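Both complexes below contain chain A, partnered by chain B and then by chain C.
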Partner chain A sequence: MLKIDRVTKVYKVGTFGGDEMTAVRDVSFDVNPGEVISLIGESGSGKTTVGRMILRLASVSGGSITYNGVDISTLKGRKLKSYYADVQGVFQDPFSSYNPIFKADRVFKMIKDAYFPGMSKAEWRSKLGASLEAVTLDPVQVLNKFPHQLSGGQLQRLLIARALLLDIRILIADEIISMLDASTRIDVLNLLGELKSRGLGIIFITHDLSLGNYISEKTVILRRGLIVEMGATEKVFGNPTHPYTKMLLASVPQLHRKWDEVAKELEVSDDLLIDPDAAKRVYESVGEILAPDALDSVLVETESDHVVRYSPEEAKEKMKSPAKEKKKSPPARKRG
Partner chain B sequence: MTRSDQKHDGLATGASTAAVASGAAGGAAVDVPSPKVRTINRRFEFLYFAIRNNKLILGLSIVIICFLIAIIGPLLAKYSPFQYTTSYWSPPSSRHWFGTTQDGRDVYAQFAAGMRSAFLIGTIGGVIASVVAMLVGFTAGYRAGIVDEILSMVTNIFLVIPAFAVLLVIAGFLHNVSIPVEGLLVGLLSWPWAARALRAQTFSLVARDFIGMARLSAQNSWRIIFREIAPNMSSYLFMMFILLFGGAILISATIDFIGLGPQFTFTLGKMMNEAQTNSGLLLGMWWWFIPPGIAITAIVGGLYIMNVGLDEVFNPRLREM
Partner chain C sequence: MSLRVENLKVYYRTLAGDVQALDGVTFGIADGEIMGLAGESGCGKSTLGNSLIYLSGRMKYVDGSVELDNKELPIADMHEMDRFRYKEVSIIPQYAMSALNPTRKIGKMAKEIIESRGVDYHSILPEFTRRLELVGLSDDVLRMFSLELSGGMKQRAVMVLSTLLNPSLLIADEITSALDVSTQKAVAEMLVEFRDRGFVKSMMVVTHDLSILHQIADTILVMYAGHLAEKAAAEVIINNPRHPYTRLLISSLPEVGVTYAKKRLTGIAGTPPALLHPPTGCRFKERCPLAFEKCVEQPPFIEVDKGHFVACWKEI
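And then the complex of A and B:
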């Protein structure tokens, strides 16, 4: 349905825009109906930028994003409007998602004016009520209020309710759980599950591994704008291969196991957890593999539906084994 | 803080009088304020806060009084501003409310005509400058990139032109400018700083997520600019208009005071010019030059006080409700 094909985003930085910063490099994945994809990565890994590019809030510097076979960068006017009727997003910062001088429910009014201009008041009210009920909000508590009078969780759920007003096919959920407390968190997760069963494709952007594991079919792990590991969630989480993924998984606190048990299982060396310097060294060496100088690193399919990024030498060794190379980064290096 | 306290006091007083009234009737202690006190009709919300803001009321009153003088004043004048009467040098009297000049013309008639000119030139100059500033500032800030570069370059060029010197040259060259032409010239030369400020404000607002939300709601650029961005700086836009309005009055008064303004219409600046060139100051004819001075101060000052009040009304955070 939605196809992200070798998408790159380059920002001009510096005083006179002379330098370039690549936020997303060569990212490819597909979103199908009824599928939840987790984009996981640390801050600055480019996961939000991917979401913004899909929502057409950021332009694409290279590659293409196609929806039902149409390149979304060509959409304009009415076609763009119908694209937004299918693809909606919820941003990570609920406080800045509302125009502070207007009441919060204005986001609903905009949807009504744009997409349901002819709908009667009563009909709209029941539609809105159903939408608010789905996110467990009490209309009396949240309607006719200014954004600064509502909590982050309420604002976040209002945004989800806003997206639900439209009969959407794809939802970009950028850190939508992080503002919620534990009780509403499970409500929203269940809501996402229900949407999934209705056939929605959901791109779930998060830095929380356990949430990603809980909800998604497919996991994409990003670091510095590059995919380091991608595949079916149970394969990525069950058989983490890239050192960065291993490190991420080892750093999640678990209720019933000690840290060193997890580390042993994931073949992360023990002193990594005891000695902060060692952890830093590993972190930096992972960084080197993904640094701009290591652009010739490649994604290798280690098993079906599971690809991992390797440096060229490692990749060659892997290639000797039956698993075939899936894709290669462009050899031509950009500046940097 | 004090501001919001006052607001709460106002509301609390309403509630407590209701409580007292019902307490007197029923005898029971009614401490909980009735919820009706807090329920304000959406539409009249701004009005509700507006009529409770002393600064706004004060500023608006001054401006309205000046405006009424500009509208009604000339109708009450018994003489034409250019008409020579037989009483020279006379201080204010029942016949000549503001006295007469040394050549026997009625100061009140000149003053009333000058007030009218001041509002006319302020409106023309302020509106033209505001419109240009908004077009340039919003477009540059919203579009960014190459459009911004070009518009910023034009703005900077206009900014470094010594506007007042150019105005003097043009006014001298055109010889006898009319009020609308003077307003147009003042307007076309005084927008750049406002455009730059608007551009900067727009830049910071465009980066906020609610602009993205508006785009996701299929709003087009103009709707986003005028319904999302502009309302966020409504008090700023108003202040900008006030400064441009007041600025147009001040600049034109200066031009007129130098004697390069309209010849066949009276303005406040022209009054002061005549008072000065005819030794009104030396001869102590205070009724000649003080009224126009007070009028200019009142109009500009009143607008400024009004703006401070409006800021509190428009910004829900300042009113803390």
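And then the complex of A and C:
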């Protein structure tokens, strides 16, 4: 349905825009109905930029994004409007998504004016009611209120309800959970699961691996704009192969396991872990210690539905003996 | 016992009345203990952290006492408290990355801060550079402006600076929440290292993230709506919580390996009560599946097992 094909984003940086910074490099993946894809990465990985490009909030420097076969960068006027009727985004900070001067439900009115100008009041009210019900909000509690009178979770769910009014096909959810409290977090995640079963394709952008793991079928791990590992979620998390993925998994604080145990199990190499005896410890983030992937590195399919980035030399090796690799690390190892 | 807090009440002044953000908390932190302070936003955890070092204008001291190393902390007295700030009690602010003065070089800023406490900067400089080196910063940073440092470097510089006078109690307020997972791990391990090396005697780590506390804290104190809910060793809180709120909270946290398709987690229905006119009795009773008649009275925070304190009528 939505196809991201070798997309690259280059930003001009520096005082006079003389330098270039590649935020996203050669990223390709598809989004299908009823599928949640997690884009996971740390800051600067380009995960948000990918989302912004899909929403046309940023232009594409190379490659293409096509929706039902149409390149979205060519869309204009009416066609663009109908694209937005299918593809919508919800962003990290619910408080800054609203204009504090107006009541929060103004976002609904704007949708009505733009997309349903002819709809009768009664019809609109029942549509709005259904949409609010889908995100488990009580209309009495949330309508006719200013943003500061509502909680972050309520505001976030209002934004999802706003997107649902349009009968969308694809939702870009950019870090929508991070601002929420633990006890309401899971409700929003479950809501996404619910929407997925209704046939919505969701791009779930997050830095939190456990959230991505909970909800998604497919996982894309991004680092410095490059995909380092991608595939079915249980394969990426069950059999992490790229050193960066392993490092990420080893640094996520887990509720029932300590960092050392996880590191040992994943066989994260010692130089990535901090040597406890060294007098001078390095407190750089491990992501900075790990050498970046070379630009000529390639993605290799190590098992079905699981690709990993290797340097050209390693890739040649892998191509020769794929069977060996499989034996060494059994796929879909049960964890947690 | 390094820190002893007795029935502390701190309210926020608003036009509509007092918000009872911290309503009678009693607990202690032992020497060398890293205590995690966890809870949802608005539960009073930051209020508790801040009130031990600096009561801002909106905060009103109502009742209770705080003792640090057997000395009374005059938390309600802005000026008296100055003798303790930084030397005895120190804080790593929530936004450590923006805590540095952009118009001063790091060294000059450190000099100003340290001399304001009546300590000679030049005599402490060797120790300062040694500690910077320990966290992977060369003494070049002293001659740099804060905008020349990366986020992680700023965070480390602030951490060294806040603990330079070996405070007895360090308050770390949500210092890991804005960081990437790998930086988060480094910072969290650094806190433990500072304790192990004796730079700080005991520590209060305020965060909403229980999983990070499980990695570094010795004990965890869970707060709910201005009251204490439960305190116990970190392992006990994670694996055998006894307060219904802690139990529901922990069972609602997604983990690596738990998926929506296989095991659907549930949140806690409802929202925390407003603290302007809080309900009487147990403040969790509206959301609690175990609530019964007795819950209209406030449950005491008592020791049900060795070192395990719970405020719930069902556990008494």
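Here are a few things to note about the model shown:
In this section, the second predicted complex is superposed on the first by the 295 of 336 C-alpha atoms of A that agree within 3 Å, B and C clash if a C-alpha of one lies under 4 Å from a C-alpha of the other, contacts with A are read in each partner's own complex, and residues count from 1 in each chain.
Here is the rule we go by: a residue touches a chain if its C-beta (ideal position, glycine included) is under 8 Å from a C-beta of that chain, and two chains touch if they have at least 3 such contacts.
Treat the numbers as computed from the prediction; the structure is a model and nothing was measured.
In the overlay built on the shared chain, the residue A:R125 is in contact with neither chain B nor chain C. Within the superposed three-chain model, A:V252 lies in touch with chain C and out of touch with chain B [touch as defined at top].
Legend: residue contacts after superposition of the two complexes on their common chain; A:L189 is shown touching chain C, with no touch to chain B. In the superposition on chain A, contact is made by A:N99 with chain B only, not with chain C. Considering which of chain B and chain C touches more of chain A, the answer is C.
Of the two partner chains placed by the overlay, only chain B lies in contact with A:L80; chain C stays clear of it. In the superposition on chain A, contact of A:F237 is made with chain C only, not with chain B. Contact with chain B, but none with chain C, is seen for A:L55 once the two complexes are overlaid on the shared chain.
Once chain A of one complex is fitted onto chain A of the other, the partner contacts of A:N213 are limited to chain C, with no touch recorded for chain B.
Of all the residues in chain A, the ones that touch chain B in their complex are 52, 55-57, 80-81, 84-85, 88-89, 91, 93, 96-102, 107, 110-111, 114-115, 144, 146, 148, 159. Interface of chain C with chain A (complex): residues 40-41, 133-136, 152, 156, 180-190, 193, 208-212, 214-215, 238-239, 248-250, 252-260, 264-268, 271.
Those residues of chain B whose C-beta lies close enough to touch chain A in the complex are 42, 208-210, 212-219, 228, 231-232, 234, 314-317. The touching residues of chain A, counted against chain C in their complex, run 42-43, 151-153, 181-187, 189-190, 193, 207-211, 213-215, 233-234, 237, 247-249, 251-256, 258-259, 274, 279-288, 334-336.
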